[in-house]
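Shared between the two complexes below is chain A, which has chain B as its partner in the first and chain C in the second.
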Partner chain A sequence: MTGWNFLRLYTVAVYLFMFLPVAVVVLLSFNSRQFGSFPMEGLSFRWFVELWNNDAIVRAFRVSLLLAALTAVISTVLGILAALALVRYRFPGKNTITTLLIAPILIPEVVLAVALLLFLRWLDMPRSFLVLLLGHVIFTLPFVLLVVQARLVAIRPEYEEAARSLGANPLQTFFAVTLPLLLPAVFAGMLFAFTMSFDDITGTMFWKPGGVETVPTQIFAMLRHSISPEINALGTVMIVVTVALPLIGMGVARRLAASRS
Partner chain B sequence: MGETGAAARPWILLSPALATVAFLLVVPVLFIIVYSFWLRTATGAELPGFHLDNWQLVFGDPFYRDILLGTLRIAAITTLFCALLGYVPAYVIAMSTTRHKTLLLLLLILPFWISYIIRTMSWINILGSSGALNTVLVGLGIVPEPVQMLYNEATVILGLVHFLLPFMVLNVYVSLDAIDRNLLDASRSLGASSLQTFREVTLPLSLPGLAAGGLLCFVLAAGTYITPLVLGGPRQAMFANLVFEAVITQLNWPLGSALSIVLLVVLGAVVMVYNRLVGLGQIARSFG
Partner chain C sequence: MANSSAVQLNGIVKRFGGLTAVHRMDLDIEEGSFVTLLGPSGCGKTTTLRMIAGLLEPSEGEIVIKGRSVTHTPIHKRNLGIVFQNYALFPHKTIFDNVAFGLRYRDVPRGEIAGKVARALELVQLPDMGDRFPRQLSGGQQQRIALARAIVIEPDVLLLDEPLSALDANLREDMRVELKRIQVHLGITTIFVTHDQSEALAMSDRIVVMSKGHVEQVGAPEEVYRSPKSAFVARFLGNANLVEGRVGKSSGETVSVAVEGIGELLVPASRSRGIGEGAAASIVVRAEKLFLGAEDDTPHADALSLPGEVTAVDYQGQAARYFVEVAGRTLQALNPIEERPFRRGDRVNAVIRGRDCALVPLEDRP
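Presenting the complex of A and B:
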């Protein structure tokens, strides 16, 4: 079984490759030294305190949180409605429509960013928070749609048919039967959109108005000077937001799914 | 809604999403096609019309062609490394009999959730002049002073592989996990060695996943401009950097439009070839 052992060792090495650089970011964010580098001198929370006292960073956090929350809500609502139509109804041209709705994944984000920016500018809509929000909705929508669609296929239509035959109208059926069954997917879709939006930099650099920064663009701007312990601390906070949140969300979704079956 | 509206119902449900995609994606892309034929004059004013100047520049100047070819090369090397590094872990997790399979997979695609910019800049902590590696090398006396390891093509590829590997692992895993184990047992019982079984059964059946992962890695790598800005030197500009330069720095929007369309057409052709050979449905499977 030496072959299998070699493959396992290879796998461990890949895990290390993936996690070591990230672990170093977290480690260095607790460095008490003045400069964000090795050797470490001692552990301290000073860089997190500095983050809290840095107005630009706190402002970037507010922008990112608001943007991600709005993106999540809008994308999920659009995604659920479209998924219902695609899974529960038969109509001509379904394949074309599916491809069209998935198209934002297939188009490079840079191209999407340029097209949206220049088109809205031509309509006399300069870069603003609204442009940023529209951009984030368009690139998160297909992912939410795919997540909700995959879940909806697994929910048997008999439940809905039963509700209908007992006299519920389509709206009542949706809110009393479909939506509760779909809740884990709604949750997953929203988290997906939230973290994608919170993390985005490729499109955001095109769409953001001058003077407004999100957390990733703020980090990018700070990198221009040098890598400070503050960036590592900010990175640690980002990791907590974008990793812990989906994990908690998945736990909640699993709990929801379990309590229903 | 009465029963008479039943035929209209899917369209009512679809209309918000369709309107969003049409207004924020389809029309804007068509718009930049038209826009690429406009001109930006020396005074900064725009001249609508049908001018081929931007296209003559993009196709005539070897500068653009060289960067496009360089970008495709970097994306291809990145994809190759993602396949080499990603296939084995996906295989080991899929074939292992441990109870913690899902946990192992989750752990390996967890970096997908860790911020792209953080993962990219994390390599500066490792390879920078006062990073982990240089500290060790200098500390051990192997080199007298820190070595410059960053800001070249290799670090750009390194950053891209680190960013895109989870896409590859997930797609390969999905196709490996779907293989009927009886096929593998049958192959073994008919006398094939485990290596033969892998070559004749497992590998061919996992090719769609490998292709889906490869497509995602290639397209995402070829469209990036952040990684070269953070980990590359001045000569590592990729094609998307030219787009960013033209649109945001030079404010030459017609030229930026033409460059965007080149990127769209080239990567669109790659997606189209893939769709012919494998089918786009394979990618959607990873969401199930």
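Presenting the complex of A and C:
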């Protein structure tokens, strides 16, 4: 029994180690004083208000949202198309293409970031928002692809064959049958892409054009000057966006899946 | 001829890589008839059906439906109704929307859709299910809805791919009767694929027996059962004993066949496949035509009566299948039980009548 108790204690310790720093950030974001010290002397939302009034941060937030939303949409569309080709059709070079599409997961992000940058230099393309978006699509695509592919394999081709035998052409079949059956995976993949893009800092540092900041790079820049309590507040907002959103999304996906099985 | 034929297969061949799944197949399916493609798994029956459906393209040959060559026509332009083995009802659509699906891609005025769907649901005897989802229905009900969805579009041909195999035994026999009733009622040309010989015999106007990508025999159920063309057909339908013999003189009506250790049987010439005098051939003795009697029964005039011993009994309630050792061979006999079944070790007389037998060429031994 002591073995079990030890295991329990150890588990709790690991979780504390992982989540305590996060909890401290969230807690300090509600601190009324400039410098965080325990015990806290008062609760306030002043750092959130200052956050709201900080133009640079609001701008970074807008950029991040736009970037993540576009990344999610583009990655999802490409991911669905790639999954359809890889699951439903046979063609030469299929394994190679699968490997190439999944490769960004296996390659360290720094390497990927530098590689894309060198490639763009070779093409004489300057860094721009489009390049940033391209980079984000490249590293989020494998996740969308894997999730959609897994679901598509489980959808028997008879559904599509039945639809086509009833007179629907391939495109009509996709929208009337395949896509609705894929929806839970599409939704999950899209959320994946969104949060990954929203969170990303490594690739973004390399690809972003001058003067454009996303939330993570903005935080990074702010840390270089001073440790402002605003960062705690921003951190809290980030946590809410990247944790709550997938949780809600998973809930929706599960309900969709339940009504479609 | 061209007018009365609904589906024609002209020399179709299907190769997958180096493997030939269907060898040069010709078939003419009459308008309004119920034709079954019967054979063991891997015989090419499903491949043939999928080629007719347009889910596979033949490597060679031509497919004609209602006088129109459809060999290269995509499936959604062929106007066929297909019922799949696992129903393939759209799980995210209600029963109504499932049945109405095909109508939405045709020029059916919106106002007529509801009426057509209602009539189809009535035909399969599930009129009040429109609002439900497929998962709320039993397997048998889902099968009926799949049928309704396929026939509501008034297809030129109805294709059924082992539609009964996912149902349990009792339901399967009910559905068999039901399916046949609907087919007769609509008069729709139907192609049915199965590996179950009793389904084929019960439902078909014509049976196409297939083996290893070849058509072995085409004929009415009774014809295929009573006068098999080959040893394969004889074995595949029902329980048959195949005994090797040598063909002797023909008397016009009958052909005499000598079997070592058994004697001479007079087989009807109409079921002798024209096998000539002096040739070796197999005699087909159906298990239900091998009659077992007590050892002291008086022999029949037109029959051979052979002493044997029961070596195994497969009791089936109203009948029993016996394995009988006769003249060094093990024969099967399927006999109704009158008072009590024979038991293992009983000495019996096995009675064979020549007029119940048929002759087929010897099997090609691989």
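Descriptive notes on the structure:
Operating definition for what follows: the second predicted complex is superposed on the first by the 256 of 261 C-alpha atoms of A that agree within 3 Å, B and C clash if a C-alpha of one lies under 4 Å from a C-alpha of the other, contacts with A are read in each partner's own complex, and residues count from 1 in each chain.
One rule holds in what follows: a residue touches a chain if its C-beta (ideal position, glycine included) is under 8 Å from a C-beta of that chain, and two chains touch if they have at least 3 such contacts.
Just so you know, these numbers come straight off a predicted model, no measurement behind them.
Overlaying the two complexes via chain A leaves chain B and chain C side by side, clear of any clash.
For the combined arrangement built by superposing the two complexes, chain A sits at the apex of an angle of 100 degrees to chain B and chain C, based on C-alpha centres and given in steps of 10.
Look at A:I248: by the touch rule set out above, it reaches neither chain B nor chain C. Legend: residue contacts after superposition of the two complexes on their common chain; A:P180 is shown touching chain C, with no touch to chain B. Once chain A of one complex is fitted onto chain A of the other, the partner contacts of A:L130 are absent, as it touches neither chain B nor chain C. When the shared chain is aligned, chain B comes close enough to touch A:L223, but chain C does not.
Between chain B and chain C, it is B that contacts the larger number of residues in chain A.
Looking at the shared chain after the overlay, A:N169 reaches both chain B and chain C. Looking at the shared chain after the overlay, A:I107 reaches chain B, while chain C stays out of its contact range. Of the two partner chains, neither chain B nor chain C is touched by A:L43.
When the shared chain is aligned, chain C comes close enough to touch A:E161, but chain B does not.
With the two structures overlaid on their shared chain A, chain B and chain C come no closer than 5 Å at the level of C-alpha atoms.
In the superposition on chain A, the residues of chain A contacted by chain B and by chain C overlap at 169-170. Of all residues in chain B, only 1, 7, 9-11, 13-14, 16-18, 20-21, 24-29, 31-32, 35, 85-86, 88-89, 91-93, 107-108, 110-111, 113-119, 121-126, 128, 130-132, 135, 139, 162, 165-166, 194-195, 219, 222-226, 229-230, 240, 243-244, 247-248, 253, 256-257, 260-261, 263-264, 267-268, 271, 280, 284, 287-288 touch chain A in the complex they form. Only residues 3, 7-8, 10-11, 14-15, 17-22, 24-25, 28, 35-39, 77-79, 81-82, 84-86, 88-89, 91, 97, 99-104, 106-112, 114-122, 134-135, 137-138, 141, 143, 145-147, 149-150, 169-171, 195, 199, 201-202, 205-206, 216, 219-220, 223, 227, 231-232, 235, 238-239, 242-243, 246 of chain A touch chain B when the two sit together in their complex.
Put simply, chain A touches chain C in their complex at residues 156, 158-159, 161-170, 172-173, 176-177, 180-181, 259-261.
Considering their complex, residues 53-55, 74-82, 84-86, 88-92, 101-102, 105-106, 135, 149-150, 153 of chain C touch chain A.
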